[in-house]
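First subunit A sits with subunit B, and in the next complex the same chain sits with subunit C.
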Partner chain A sequence: MCQELGRHIRNAYNMVLHKFGEKLYSGLVSTMTFHLQEISISIEAAQGGLFLEELDRKWTDHNKALQMIRDILMYMDRTFIPNTHKTPVHELGLNLWRDNIIHSGKIQTRLLTTLLELILRERIGEVINRGLMRNIIKMLMDLGPSVYQEDFEKPFLEVSADFYRAESQKFIDCCDCGDYLKKAERRLNEEIERVSHYLDPKSEIKITNVVEKEMIENHMLRLVHMENSGLVNMLLDDKYEDLGRMYNLFRRVPNGLSTIRDVMTSHLRNTGKLLVTDPERLTDPVEFVQCLLNERDKYDKIINLAFNNDKSFQNALNSSFEFFINLNPRSPEFISLFVDDKLRKGLKGVSEEDVELVLDKVMTLFRYLQEKDVFEKYYKQHLAKRLLSGKTVSDDAERSLIVKLKTECGYQFTSKLEGMFTDMKTSQDTMQEFYAAHGAELGDGATLTVQVLTTGSWPTQPSVSCDLPAEMSALCEKFRSYYLGTHTGRRLTWQTNMGTADLKATFGKGQRHELNVSTYQMCVLVLFNNADRLSYKEIEQTTEIPSSDLKRCLQSLACVKGKNVLRKEPMSKDIGEEDAFFVNDKFTSKFYKVKIGTVVAQKESEPEKQETRQRVEEDRKPQIEAAIVRIMKSRRVLDHNNIITEVTKQLQSRFLANPGEIKKRMESLIERDFLERDTADRRLYRYLA
Partner chain B sequence: MLAWKMQAEKQGYFTIEEWRRGLKALRADTIIKLKKALPELEKEVRRPSNFLDFYSYAFRYCLTEEKQKSIDIESICQLLDLVLGSQFHSQVDLFVQYIRTQVDYKVINMDQWMGFYRFCNEISFPDFSNYDPELAWPLILDNFVEWMRAKRS
Partner chain C sequence: MKKEDTVKLISAEGFEFVIDKKAAMVSQTIRNMLTSPGSFAETEHGEVTFPEISTVILEKICQYFYWSLQYASGKETEFHIEPELTLELMMAANYLHT
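Presenting the complex of A and B:
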């Protein structure tokens, strides 16, 4: 064999050398062509399944022959062919194969049909000869990209599209969303696997596009909105796996994710809106806020587990919450009440880390509020009550929340709140010094504890003073003169509506109890040291407690089961001006210490709500004016619309400024000669130094 | 009008200077001549280039107290009728009706006064179709337009 080969090579060499290259080349062409035509016939003759095998076998042979021929004609390949710009031997061999076999009339169609049929069979579950497929496809690839694409890939993609179009239609009519998505995912994976086994890797993206388009893109909306199994149902039932699958499939198609996101957003907004406007929920502020937190947790988890922590979904969640939380004007108040409940009792015994968790969650809700200044007002009120009644579960928790608010809103927001804490501490020190200085002379009388509050820091209360019993007022006077002695230039006003008292009481049958009551209640009870029976009017006159407070006070002393240290005639539920009161000698309680209802922070009554709202509005006016002046001072001249925009932006962190209100403030500033309108362009305003 | 011509400072009073100035401008040195000059004066006042000045003067003329910046509603109603009544009869009528019924403002200031004149000149009546409350119109006019629209529907 080697000798033969060697002789052929030498002959070929000689032919080229002696200028017979042309003859050699054309001889090659004609010989090979003839040979291939014969092969073509034999391939065509193959029956059924043997067709491909025959093709494969002949191809392998052809390649081997080509190798040899190339070796033999190497000299020609290197000299004659480049000089004459003819097709090199190997390439020539491939082209001839292509033209005479692959593109032969009887073979071309049959080849394609056979390949596609095998793929179809595999798709419906049959096992096919993948090795054979791989060889044939490789042959097409070797013959050149245009052969692979024209003779296989393009029709393959078309046929696949038809297949998946039909299949998806069939599925969507009978499957629910979750199942459909499972099937789609399976098909997608199958195709990817198919490519890896016997197709050109470059086909992967093309066939996956086909599957994505036919199975997903064309049916997106129908899937998402499918009744009982669509996106909304998955969200409601926390179907993380299904949601994750939907996310992964939909992200492959244009607008896929935005479709999911939009449906999620509108669903969230609707349920949120229902939540915040549900009259039943609104009766329990703590429950209200807890529901909001639960909802948020739910969606956080969904976005985390199923939506790949996608930022755009996070944003959609946030914007939805921001939308519906602000639909209810009482949200700021309710959030403060929630915090109040937690700090009074909810967080009792909870570990430090868990406390932080709860507070951080509350902060996320806080961030959504548009009217942060309303929250501040309520928070201040509630904090004051907590501090003064000593009812806070953890000082650390309180301070931690203040720090978070400061980080969020800046120093101004929390400076007054911090002032309140300072006052409490300072008062403690003051009391110690007071008793150190005067303890001896005060002897065994009542013990006084005073909290001195700085007026600016604490929520404004109307200061109504009642008449304290003699011993108390004497003590208070002693404190007042002590305090003013060490702090000149200050003024002290007793806030008798905010204090508490502990009284030791002995009842008719000798029962002894310690009663924890409000200052007002103390004033009333002490009167019974000197009288057995007192009428409403007598009590009112002596104590000078304002009537609405007095009625509430007497009600809590006489009408509440288990706390009725007083007896009332008549025994009606309400306090009438003609009622008479007695000590309830039959009073019993299994506890020694009895606490008689100090008013806990309640949801505000209607008139109180109006008042708070009004105060908030009043407070906003100077803030708006300050913002306008700040802006105009730096810009000097600015047009109307830009002023509105800038002012709104500056105040955004506290509340949403009303353009009408901004206008009003500007007119007020014009009147007071801070600003003027430009004479030429009436849209412009000018700052007057 | 006479006061305007004389540029009188104080309502109800003319100083000798002002008197002289005004009469000289009117070229009148007798009562008869003064009477004759009045129709001319009125025409002069009505000339657009002068009217704006006259209009703003009319407001200032009614500020009787020192440091006074606004005029009470009732007086404004009279003044508007006097000064703009013939030119913008319906607008004035309606506006006067409005400010008498609303409660937000108890007085009118110069800015609002001037705003109303521009309003009559620029805004189509009675539909107000080209009125844009987002622009720098005084708030009282925003409210007026809203009131008119509500009334109409």
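Presenting the complex of A and C:
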């Protein structure tokens, strides 16, 4: 027959009711203390591995007993104890356990040592009894946060720090960067898992901080700069996984990401600088730009796959590109040449979406340019050549790029370019009307196609004329009078250096070919209809083509293999003033149509480059002046430095304004009474309405 | 009423009141007795003896338990107590923590 609980409860109740609460309470304390001291001895006696088990078992018993005791002494707990401010029964039971067992001399040290030893063994790969660990740790947590922290957590963190310090030192001496990071990651995950299995969740952040500090933070620089396996090598070899791991680990420590970012930036700037100053690269502009695009794609991919699309890394990439692209003053010209190549042939047969992709990528490079007005100048030149030779692969692609440029730089940038397209279309219509009106009289002679170019929109060319062959000049006159008849008040000037001609030719053995040549070349070739031999001087006199152009023209007709429709004596490479020319009756070609034109856009020669640069500088002057006037009009009075700052800011989207040049423009505006200097303060300027 | 859902409360005179466990647990003291770890007569047989509570009082207490459950579920009626029972009832209530 079992005991009756009610009896105990009643007794306890009565004791408290009749003012024996004090006796009851102190009796509880002394009895429990005595009992616990006995338990303490039995736990201490446990051998080796059984120590923790014994502790666990006795703890479980104690808890059960405590609950029963509390049930029995419930009345005391809710009346006597609050009144006398004594510790409630359950808490009392825990405190007594803590004082007599956990903090008893022998048990305290032995417990900590055992726990730490088990954790160490698990760290080196052994399997330990996790359930038991969990119970013991939970016991410490139940006894109060200070017990858990003082009797376990603090020493645990210290020992762990020592452990990882030693381990990281060992690894870093023998591993390469990628392997080291793998190991660090593994250890970190291990600790997190450990916490989830048998430690207080609040310990997670503390232990991960320890691992991060010892394994990562302390060795950050050494890892990043490790020879043959560090960050730079990973970037060069596109090691996305390793880079991703580095990013995830380094983001946990202060300055981790900025370290990666800084090394990446300086590496990018260096490689970029080498790229744009490499003399070999500079011989092929299209290759040059393609390399830039490839480099950008490469880093885009790295940032996307490994660096979590981190905006700060994107910014670093952009600023690096902006830095080195502008180191080479020919970058704007080269980018335009790249586009030219693509629009002539590179994008042939490419789908619409892929075309858009390429153009968008070009735009990203365009944005990095500081001297966008230089790009505009070259682009205009190249576009003019493309349009006039009819050599553009896709009208849609051309227009698409114009739209992108307009979105980026505004209407001003592209208005002239659009004017060029309009002229082409208008010219087509004009030609149709011309032939409709005069077609009959022209009959079977040569056909003429005219493009009428509005002067402001097209790149300025020095207008040189040459003597056209009789049939052509008659035709041209007819067109001129037709056009001026319908458009009064306009002036037409023939640009003979920009035209092309298709000639049907029959050679010595009867070979027939259609030759596509420039206007100059046509003038030269047509002369041979009436003469077998012509000297350089004769040709020069009759055609009136300027000598440098004539030399180039003759060279392409006589000295280029596969295109030598003329024969030259002597057979030297260069054109001398004493040379004589003949039709090359032995001329052969696989193709019926032979192209001998020289109108392909090429990178400029040195003098041409100087000229373009000069023109750009000239064009900048009015822009600077306009900006100064705009600013002064709204501010009325402003000091020198602020004017410089504001003007630079306004013009930033087109080019980087030179402060010296700005000053010169201001002086000029003062001379023309737009501005005046303040009489008292020489650095202040005033707007004159 | 099923056996498992009931408890037996025994008065000083030996009267046995069989009521729902749910009703009996309105009293904290009885609840503790029934849910205490370890094996006791209370937990094993579902019986609690009250040698100090008379039958009349114990009966009133049982009524109170049921009234309390009803009140908790929304039926707000009054619980009438005969004046001569009040003193003993209060002492019992103190003990039973209810």
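Here, the second predicted complex is superposed on the first by the 685 of 689 C-alpha atoms of A that agree within 3 Å, B and C clash if a C-alpha of one lies under 4 Å from a C-alpha of the other, contacts with A are read in each partner's own complex, and residues count from 1 in each chain.
Note that contacts are C-beta pairs under 8 Å (C-beta built on N, C-alpha and C of every residue); 3 or more make two chains touch, one makes a residue touch a chain.
Quick caveat, the model's predicted, so the values are computed rather than measured.
Aligning the two structures on subunit A places subunit B and subunit C side by side, free of any clash. In the superposition on chain A, contact is made by A:667 with subunit B only, not with subunit C. Once the two complexes are overlaid on the shared chain, A:13 sits against subunit C while remaining clear of subunit B. In the superposition on chain A, A:5 contacts subunit C only, with no contact to subunit B.
When both complexes are overlaid on chain A, the residue A:74 reaches subunit C alone and has no touch with subunit B.
Once the two complexes are overlaid on the shared chain, A:640 sits against subunit B while remaining clear of subunit C.
In the superposition on chain A, A:682 makes contact with subunit B only, not with subunit C. Judged by the touch definition given at the top, the superposed model places A:437 against neither subunit B nor subunit C.
Rounded to the nearest 10, the angle at the Cα centre of subunit A between the centres of subunit B and subunit C is 120 degrees. In the superposed model, A:41 makes contact with neither subunit B nor subunit C. Annotation: superposed on chain A, subunit B and subunit C show a minimal Cα-Cα gap of 86 Å. No residue of subunit A touches both subunit B in one complex and subunit C in the other.
The residues of subunit A lying in touch with subunit C in their complex are 1-6, 9-10, 13, 64, 67-68, 71, 74-75, 78. Note for the complex: subunit A touches subunit B at residues 639-641, 644, 659-660, 663-664, 667, 670-671, 677, 682-683, 685. Taken together, the subunit C residues at the contact with subunit A in this complex read 28-29, 32-33, 35-44, 48-52, 95, 97. Every residue of subunit B that touches subunit A in the complex is listed here, in rising order: 69-70, 109, 111-112, 118, 134-136, 138-139, 142.
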